[in-house]
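Chains here go by letter, A, B and C, matching the order in which they are written, and residues are numbered from 1 within each.
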Amino acid sequence: MPQIRHKPRRGYEDVAVCVPVTIPYERYATKTAHWWIARALSELAGRAGISHRDFDGLSVSSFSLAPDSAVGLTQHLGLSPRWLDAVPMGGASAVVALRRAARAVEAGDASIVACVAGDANEVDSFRKLLSSFSRFAQDASYPYGYGGPNGSFALLTDHYMRSYGATREDFGKLCVAQRDNALTNPHAIMKKPLTLDAYLEARPIADPIHLFDCVMPCAGAEAFLVTTVDIARDLGLAFARPLATIERHNPFPDDPVQFRGGWAMDIDELYAVAGVAPDAIDLVETYDDYPVIVMMQFEDLGFCRKGEGPDFVRSHSFTNDGSFPHNTCGGQLSAGQAGAAGGYLGLVEALRQVTGQSLSQPVPDAKRALVSGFGMINYDRGLCSGAVILEGDAP
Amino acid sequence: MTDGLGNAGDLLARLAANLASGGVEIVDLTHTLTPEFPVIVLPAEFGQCQPFRMEEVSRYDARGPGWYWNTITVSEHAGTHFDAPAHWISGRNLPNATVDALDPQTLVAPAVVLDFSAESAADEDFLLTRAHVEAWEAEHGAIPPRSWVLLRTDWSRHVGTPRYLNLREDGAHSPGPDADAVRFLVEERNILGFGTETVGTDAGQGGHLDPPYPAHFILHGAGRCGLQCLANLDRLPPRGALVFAAPLKIRHGSGSPLRGLALVPGGS
Amino acid sequence: MSEPLRPPPRKDPQAPTRPPQLPPQERSRAALGLVGAAARGVFALQRCGNCGTVAYPPRDACAACLSVDLAVEPVPDAGEAIAETTIRTTTDLYFRERAPWRVGLVRLDCGPSVVTHLHRDVAVPGRVRMVLKLDRSGNAVMMALPTTWSAPMADDPELRELTASPKFRRVLVTDARTPTGQAVVEALVKAEASLVFAGIAEPFKPFAGREKLEATERVQIVPLDLTDTSSVESLAGEIGGKTDIIVNTADHVRPGGLIDGPGVATARVSFELNVFGLQRLASSFGPAMRGRGADGTNSAAAFVDVLPVHALANWPGFGVHSATAAARLSMLQCLRAELRPGGVRVLSVFTGPVEDDWRQSVPPPKVAPRQIASAVVRALQEGIEESFVGDVAADVAARFAEDAKTLERELGS
């Protein structure tokens, strides 16, 4: 076999991420994904002070556009982009969209890329989405109790608890902290405080997963712009720079059960390219469809070692005003999961925090955020992972 | 046309009037054709008698919204039925021996009824002998030529019970005639045919007689016919009934289920 | 140790019968490739012909070497359960009615990790024995069983869903006049069927074994003549609503072919019983069974047909008989699809020549009635869709799987 000389990773020059947009979620809505995406694009254009026709790049993530694709959306919404991307990667969508858009802007393939994720949620649409999610899930996962993601993550959680001694109290602590953060976020779906007792006493969904370990599917949209620093400045937009990003799919295929994600393969390069260490991060937005994945990310993103997740959780508060601010808008667990927009939630929130536009309680002196994405339970584990370190541009 | 009984047209008119008034009654000699009605059982290696079967084609439903009808399958020798001479090997070379070729004049004929129900009740293998026939004639007079001889055993009362076929390991047990009796009726009384209430014209154990199945062998060999599985013989007088026994006109048919009727004097 | 199953209470006449639902039905073509093995009770998965890697979930190319040479073949059935969950809430209507539902993740010794139905007596972590079975939608699914077995383990509710156990069910054996029918009745009683209806055609004809049948507990003789539509309909009218399993043991056998045979009249009798009899059973009992597929512990579960293995290829010495069997096989395939919406299984028990009056001239090996009876019970208890009883049946099946045309020529010698 010939030796493959990998090209070294490099950071980004002259890329600005700006205009964090959230279209407030609704539990069930009769509106379509097209409607939600149009709202987000309109908000993006309005806040940037330009026309939506000025977007010459478009990156779309949605599970509910069918039978349309991103192409159909351009005609539907009157865009004529010279660069078009569709990122069907669930919880990793925002990081992946940003990575690609940033390179396109760097290369001059596009000047202003609108990155948008949005999904509809009609009554019963979640069930229909699940049943056609992937071929392996259809063939080898759903025929077994049809737990959907709950069932798959229950198995991972069970294994993680057996292996590393995590307890429900540990997961509960994360969920309660996120709820505390969500109570400061006007857009959060969950408006009531959550106590640890209430968490522990909630009804079981798929042991050991209980009600408050699960996200609430809803409808909504999230969006941001990727453009050049010059354009961002010309438009007078507060922006952040992506210091480094990583992306990985189907990592560790020989692990009998998922106890680590793709970050574990790439995390050293993330920090090396960014030129910062984990202790330089002011806030972390993890992908939190279930708390076990949050704990796994703390380990795989380098905040503690494998197996130390439970101890790490026990030693921090995770609130916006406490130690290790985490999922500062409440995360999906408390803000809601609007389909593919769930993959954007953390990135949009982090962008707000590091550019001084936070809707939820601001993290003090928030400059650098690590945003992590994770998605696509194709069969027994999440396949996609990614991360980005964003640094707010000091005015 | 006239004969010794007077004008035939008047006769039929009087018959019609008597039928209407009850002066002449009609007795149904037929059992209802059902799937459960037993048929003769032959040794298993031989072809078997197909019992009556009925499949609904439509009944005012999607298969035929305005009408009800069925497809039936049945042996020529199931239910109350008629045996033509060609039914048996002894009759195979006779002319006009199949049901389609029978002279219609033979399909309506007088009948005598020989009541041996008491003997049959006492002995399930009762055999009608020449002596029994002669004794009957001594009481009721000679059997007229070209008439049906119907053997009353009251066996039809067993229909619907195992006793009708009365099968045991050594075969069926039911009454019937012996060879001499049949030979006497055919050769010396020139009867049209022989009828029974049992599933065949022969006794249940008739296969062990000489010749085997003498009623079938002798009757059909002489061009005579058989009626079996008859009902209501107890409502017929010993003499004087007129039997209508017309099988279906099946080309080359060996027999056929039929609706047998008898005209009897009213109040008899 | 799990609780043994309790006899179901009498049906509440005011409660509506639970309508049957099916587990998820859609599968890729590769996944459907496991159906054959599951139907025959074999644990088999895809194995790469190039590198030997066992592939799961079923796929179109080997993930280890990208070879597309993947064939389903038997693989070792041992594994380690490494995680478990109990699904209590689901949007799926089938599992929703049956929740809670235990599911596990098993690392197979032969390689892949599999999401699987998990027997209630499996300890996690712990060793398991895997089986591949057909679920009620007719698809192949895996279940992890304990490595040591005891009788009450058969009562596991998930296992019962994947099988058609006669325990506490009411079974109609269509022809109990024959030694085979009587052996089947006896085996079902022993397998804890709550009631066995023993069908007897032409009850006025005596038969050997009647006294024993009459004396057996939980056996009820019923009149049933499969050649007579009204007979089948009237029995269905009486017991169709409480017949959970039908075992069709009727078979009219006569030697001979088309030229050297007893002719159409007798062939017709064979077809009337063997083929149209099956149709009469299906059309009279099928609708109620299909509607009762989810009716609790004694739901309608299976239609079993005991048929000659020469359904697969004609055996000219019994040529007409083989032809009826072939028609019967085809009808069973149709019935399988028709009963599937009710989750009611159609199980085919193929037999070689049976030791009876009609096959005295057939050389051994022949199948004894008790062999058929135990195959019927096993098919029900294990949910085996195709079983082959006796050496001849196994041999014919193996040759059929190799090449049907060659088999035809061999049987025609």
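Definition applied: a contact is a pair of C-beta atoms (placed from the backbone, for glycine too) under 8 Å apart; a residue touches a chain by one contact, two chains touch by 3 or more.
Treat the numbers as computed from the prediction; the structure is a model and nothing was measured.
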Legend entry - Busiest interface, counted in C-beta pairs: A-C
Inset, instruction - Please indicate the chain closest to the centre of the assembly, with centres calculated from CA atoms only. - result: C
Inset, instruction - Please compute the C-alpha centroid of chain A, do the same for chain C, then give the distance between them in whole Å. - result: 49
Inset, instruction - Using mean C-alpha positions as chain centres, tell me how far chain A is from chain B in Å, no decimals. - result: 94
Legend entry - chain B partner contacts - residues on chain C that touch it in the complex: 202-206, 225, 227-231, 262-263, 265-266, 269, 272, 357
Inset, instruction - Spell out the part of chain C that touches chain A in their complex, as residue ranges. - result: 23-24, 26-28, 30-31, 56-58, 63, 82-92, 94-95, 99, 101-105, 107, 113-117, 124-125, 135, 139, 141
Legend entry - Contact footprint of chain C on chain B as seen in their complex: 35-36, 38, 41, 44, 47-48, 50-51, 53-56, 161-162, 164-165, 167-169
Inset, instruction - Sort out for me which residues of chain A touch chain C in the complex. - result: 126-127, 130-132, 135-136, 138-148, 150-152, 154-156, 158-159, 162, 203-209, 253, 256-257, 379-380
